[in-house]
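Structure, as structure tokens:
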């Protein structure tokens, strides 16, 4: 297989004295979607935070395009091509919809994704561009969060709980955007509670349990039952 | 009483007894120095209670020192009070002023509270400076008759004031120690360690802070009244001095270790040591003090006592609950 | 002096207070930090201006070309290398660090320059005045007020319309997410402090040209700026200008009653506002 775009090797991390990840490894290929599943508290968000340098990690635990990025500062990663759609959206409440996108565009890379292009992808945001971002509905906010990641024109997006708290219809909307995003050459790691959905969407899967990888491989290799078992740590 | 508390009680009693006997074996200058140390130790412990435990960073405690001092002078001069009887009254007045200021100042968000306390102190100082019958900006002295009323001979007078300072210093130390070990102290510690969690656990943050502010104001007023009983003179500049009654006290606590009673005591002793060493260099020691305070805040927030505690794993005044 | 003239003077004085307040308010808005040494840094800037003027012979206003960047640099350094380490959940360390700065500046300045009062001479503009509707209005106070309006308009623009302003607001909302988006929060905090210090430099020269100052003039400047912020309402720069004006009028009217009542009147108005409208006269609508 070709050299992975992003790889995590034997990563351990946690919060102060509390260790939440124990030697986690995974590889994300160019132009691929990797599903990351696991029960609540398995360490999915922690893994993302460690990749982004919000939590401590050793220099060579995370590699991007073959180079260790463990000592790259969080704020430099978006220009390197790695961004995250954080759990709970985390929009800037003092910024309007448009400003949220503008900010991310200004501090990210230039490319085909611009705020206007996001408004094409999610027309409702265009109509609400001047509104305070946090005054939108949950689904609309999720669209802003996704847009905010896109306008940085990244190589990799880390999606954390992309559909949490959204109505099924809205989730469909959000997922409908996925192929378009992937088609523009962006790879993604997707954290999702709906195991079946992520199995269909992703090329490969990693299942975490209590901070350890318990299952990993191409998505089509696993049945729903196998995944569910791994998910519950059986 | 638990074993640790018993040890502390015995220790404090022994120290107090030895210091109380000091007039018979120490010189005049030494007595003055110990008295001054006692007054600063009291101020430091009180400020520490306020900032280190209740999270109320005040830079306006000089309001209560000056108020206490003026109150004593007024009681004695205008109403012929015996000076010693005026001390509790000074505490009462300072506490009342605290009760007036607290509801207003508590409305200020976060760090603006600190500046607010400063404005409060300035306001009180300006009011006293504007009253002609109190000598306005020039201040006033205790009349000889009133001074004589403390005790007949000068020596006995100095001893009396010394004992008073000793009583206040040790009283504040013991009182705050008991408070922190009490149930109310638990609330205070919870407040110090995690205000949000303390709130959700049913600690009434506002009232806990209010009573702390009030109590500290009253005690600070009492300390102030005795300080100026010793000085025999008061003026707005001296009574409401930010440098003397708050800045120095803050640095003592910060350097010694904020959020620990021992920190306040250690900080007081370090300050006096530093002052004796740098006495020839004018106000240099204030610059040194400021720098030391900044360095502590940058590199070791728990101060010198925090380092001792971490290294040796013991504390002089155990307060039942584990910390940090 | 009549009441009308006192009011006009108070309004203009309020402009100066609004400049004191603007830097304070900016820093609080971005990093929830209150710089207790704000006034002392203003006084430091005034001494720097004094040195620049006496070394180069520049007009005090021209000296701003040097003093503003120099102060901005000091502010950036202070934030990046000192205050940055103390920011966090706990409010106490930054307050105490800036308090330490205040004490150090006061005592260092008095050791270097003595405690004598100093003044920047700005030439005839100090005494020039205009006659309007029978009132005499000083040119310097009028200019100060105009500069205050310009500074506030500029800060509003920066804060709400510019790229760095978006970064200010985003970092203030959620520093962690701002970093994920690519904002260096440490740099942004440094820039906010630099901006605040630049404004201080302007305040310093205007202050030093209109009245004398000494190493211990700082705290009062902090207090007036702070009162303007609270009277006007947090997070609203135009409100801060209004707060400064209210404070200025209170002081000049107080001085009409008795000179010793000038400052006290300002404090009393501050407490009255705090009692009746704790969120200030013009709180932000959100």
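Just so it is clear, A, B and C label the chains in written order, and each chain counts residues from 1 on its own.
By definition in this document, contacts are C-beta pairs under 8 Å (C-beta built on N, C-alpha and C of every residue); 3 or more make two chains touch, one makes a residue touch a chain.
Given the structure is predicted, the values throughout are model-derived calculations rather than measurements.
J.: Out of every possible chain pairing, name the one holding the most C-beta contact pairs.
T.: Comparing chain pairs, contacts are most numerous for B-C.
J.: Most central chain by CA mean?
T.: Of all chains shown, the one whose C-alpha centre lies nearest the global C-alpha mean is C.
J.: Which chain maximises the distance between its CA centroid and that of chain A?
T.: So the farthest one, by centre of C-alpha atoms, is B.
J.: Please compute the C-alpha centroid of chain B, do the same for chain C, then give the distance between them in whole Å.
T.: Centre separation, chain B to chain C: 32 Å.
J.: How many Å are there between the centre of chain A and the centre of chain C, using C-alpha atoms for each centre?
T.: 44
J.: From the C-alpha centre of chain A to that of chain B, how far is it in Å?
T.: Spacing between the chain centres: roughly 54 Å.
J.: Over in the complex, which chain A residues touch chain C? Could you list them?
T.: Contacts found on chain A: 52, 54, 73-79, 83-84, 86, 90, 92-95, 99, 102-104, 106-108, 132, 148, 152.
J.: Would you pull the chain C residues touching chain A in the complex into a rising list?
T.: Interface residues on chain C, with respect to chain A: 163, 166-167, 169-170, 172-174, 176-185, 286.
J.: List the residues on chain B that touch chain C in their complex, please.
T.: 51, 55, 57, 59, 104-105, 107-112, 114-116, 118-119, 122-123, 126-127, 129-130, 136, 242-243, 247, 250-251, 254, 258, 282-284, 286-287, 289-291, 293-294, 297-299, 301
J.: Spell out the part of chain C that touches chain B in their complex, as residue ranges.
T.: 28, 32-34, 36, 82, 85-86, 90-97, 99-104, 107-108, 110-111, 219, 222-223, 226-227, 229-230, 234, 258, 260-261, 263-264, 267-268, 270-271, 274-275, 278
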